[in-house]
Amino acid sequence: MIELTDLARQTGIQYSGRSIAISALNTLADAQPDELSFLQNKNYLAQLETTKAGAVFVTAEMAEHVPLSSIAVVVDEPYLSLARASKLFAPALIDVDAPLAVVGEGSHIAEGAHLARGAVVGKNCIIMPGVYVGRGAVIGDNTVLHSNVSVYHDCRVGTNCIIHASAVIGSDGFGFATTKSGTHVKIYQNGNAVVEDDVEIGACVTIDRAAFGTTLIKEGVRIDNLVHVGHNCVIGEYSVLVAQSGVAGSTTLGRNVVLGAQGGMVGHITVAPFTTLAARSGVTKSIAESGKTFAGFPLMEHKLWLKLQGKLARLLKS
Amino acid sequence: MIELTDLARQTGIQYSGRSIAISALNTLADAQPDELSFLQNKNYLAQLETTKAGAVFVTAEMAEHVPLSSIAVVVDEPYLSLARASKLFAPALIDVDAPLAVVGEGSHIAEGAHLARGAVVGKNCIIMPGVYVGRGAVIGDNTVLHSNVSVYHDCRVGTNCIIHASAVIGSDGFGFATTKSGTHVKIYQNGNAVVEDDVEIGACVTIDRAAFGTTLIKEGVRIDNLVHVGHNCVIGEYSVLVAQSGVAGSTTLGRNVVLGAQGGMVGHITVAPFTTLAARSGVTKSIAESGKTFAGFPLMEHKLWLKLQGKLARLLKS
Amino acid sequence: MIELTDLARQTGIQYSGRSIAISALNTLADAQPDELSFLQNKNYLAQLETTKAGAVFVTAEMAEHVPLSSIAVVVDEPYLSLARASKLFAPALIDVDAPLAVVGEGSHIAEGAHLARGAVVGKNCIIMPGVYVGRGAVIGDNTVLHSNVSVYHDCRVGTNCIIHASAVIGSDGFGFATTKSGTHVKIYQNGNAVVEDDVEIGACVTIDRAAFGTTLIKEGVRIDNLVHVGHNCVIGEYSVLVAQSGVAGSTTLGRNVVLGAQGGMVGHITVAPFTTLAARSGVTKSIAESGKTFAGFPLMEHKLWLKLQGKLARLLKS
């Protein structure tokens, strides 16, 4: 917890109004009365007007839209101020005072695996050499972490999971605010990543932790090698991400979505359950109707993509 | 070895016929008389009729095509039954009873490298910190494994190879059968991966082990960073896979094939020797004639691809 | 240092001319009087005529263009001879005689991190388990290396950097010469990689060391997960490389270039400052004018790319 007045002072903001204790940063939609949020993009104005956040960074122009239950902290660049404030809430990577890691019965922790103080490993797990499990991270029963897997602090992996070598769970999301002079200010990624039960994750896969809240890989998902999942994504149950595909931040997939090899999705969209995306698909808009098959970039229905290739073949002969 | 009747019982199959001892699972084409195979896709019917497999999972409809030398085990979903049976043949990741790793003369095993019991390292190797060499894995003479490389159990790396940091040799192929309700059942990848002599493999490359048999990287191959090679592939001698390219499972490349950066190949195809594929090529069909140059997705001869770009430029101006 | 006559003998070259001591290999443009260079491609003839290199591998046909200050060593295939000579200058991976690593005040070196003899870590750093810092590598103050990061020998990372798990700094560039019979001869990558201050690098990123000289990531750069940067690249200040993008060797980016997700750039080009490249852009030529936005492969201005998609949509309906 940090007093709003202290937070303002430490982030270089002129502020002399009322103070409350702030426990975390969060989005307008999810923030609680002891949390601080921000409005940068006017598209989220409706969210500002109904936010439960205890305080909000806003520009002077938008201050009148802050609800009475919330404190308006007027700044020139709300997103930049948020970035500067985020460092104050970054959890420690290491806790030398935490108890030694707890390991359940029947688990094999190989020599050369590193369980941080404050980590928990369930029963009948196999933790191979070079694995790192961070402070506050929890690994469920019967899970196998292959060599050189990293599970960052505060992340969770469910039961009966298999994570292949050099995969990374909970690295920082790609978040920063850019100043007028072109330098970047890191938005500390204070959320976590959670992998539910019965998930298999391939080698050299990267799943970023959330800026706020949780990046979520739901039950039964299958992720192939070298796949990237951005911060705050939700990958629906039994979805399949084929090799070298990527999902940008804050995108939500329904259950049993298939993203083909080398496919990609932009951030902040929603993809309906049972959607199939051919290899190299590039998804730039939400998909509302479930059960359809798409291809191409720009994306189109797969049968249209085939038709387009026919048209191009004819164009080539013309 | 497991009795067929036991295997059936443990995978939830009703079976009361004749039993034989089964040593492994395999494809119809490669299975031996002590191995079990399956027919899911009718395109492989000819392979069923000539298989040497001792037993085969088939649907009732296909049972009459099983040769007399083989036992037909009738199931509703052969591929799913195969997946369930595969777990029974999965080799142990760790063998605490195996002898300590053997290391040849002149090799430098850095502090922080982990050689499993039952691993073998040849002469004059350099094994850097964080490397893991699994049970039953063999590393040839004069080979360098850079930091944090993983070589899974039962895999082999030849002589005079260089494997760069965080590369993974022998992670599980991306294999699973999907049930009618949409859940996935893992096909345990009980084969291995073999890297022949004089191969260089880049950082964060992933080479999956075979479901049955071997994923093979032949002599003199060059693989750049962040490349994916799927299970059961064969990469021909002196072939070159440029950065961020990928080859899906069971695809075979002849010698001196060049796959450009960010290129991709689907599975189950064959690419002729001395084929050159430009960056971003997407190869979806076998290439029979050797020595040609292709580009694009869909793939076409490079000169046609250039012509198509000219046509599109004119379309844009029209 | 190695005498030119010895170098020739050890690389299988017939040479009985004058000898000088050679300290390194280098490009025609950068070579010093105690360095050896080569001319393979006649496009670089002007560089040959003005080179300061002490000696040059050239074909007989080109020998007359070697300046008087330089020794012409006539060979059939200069690039191949260079490759063979490069091995003679390869630095040792390990120096058992170097002093123990030096660690600055306030730094936390986790159990399971490996600092080679001859490595230097600054003040107030956090070095997580499984990290490897090679011989002669230097890590600046306040930098965090997450678990299983590899920093190869002779590379440098600046102050206030964050490098995420399984990233690799300084792996060998993808360099080899191919013989007439199709085999490959490695060009040892005897340069290094340097990451300046205030840089953040994502998980499973690979940054290759230079063949000669330095691969340079300049101040304030942001690199997302699974990005590849080839040897001898220069990534300008505050540039942003989004997930799964790649830059091929010897390409130079100005400041504040943005390369979108899954984008790519060929080697040996220059991209002007403040260029923005949409996701999946494929950049094959230099960009001279700063501040513009591009998309597509082949690359075109973003507004043209949008227009092209409109034309294709109409073609599809025709």
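As written, the chain order gives the labels A, B and C, with residue 1 at the start of each chain.
By definition in this document, contacts are C-beta pairs under 8 Å (C-beta built on N, C-alpha and C of every residue); 3 or more make two chains touch, one makes a residue touch a chain.
Remember, it's a predicted structure, so these values are computed and weren't measured experimentally.
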Among the remaining chains, which ones contact both chain B and chain C? A
Degrees of rotation, nearest 5, to put the Cα trace of chain A on chain B? 120
Looking at chain A with chain C, do both copies bring the same residues to the contact (over half shared) or different ones? different
What's the distance between the Cα centroids of chain A and chain C, rounded to whole Å? 31
In chain A, what residues contact two or more other chains? 112, 130, 148, 166, 204, 226, 244, 262, 312, 315
Given the complex, residues on chain A that touch chain C span 93-94, 112, 114, 116, 130, 132, 134, 148, 150, 152, 166, 168, 171-172, 174, 176, 178, 182-184, 186, 204, 206, 208, 226, 228, 230, 244, 246, 248, 262, 264, 266, 282, 297-298, 300, 304, 307-308, 311-312, 315
Could you please specify the touching residues of chain B with respect to chain C in the complex? 108, 110-112, 126, 128-130, 144, 146-148, 162, 164-166, 200, 202-204, 220, 222, 224-226, 237-238, 240, 242-244, 255-256, 261-262, 274, 279-280, 309, 312, 315-316, 318
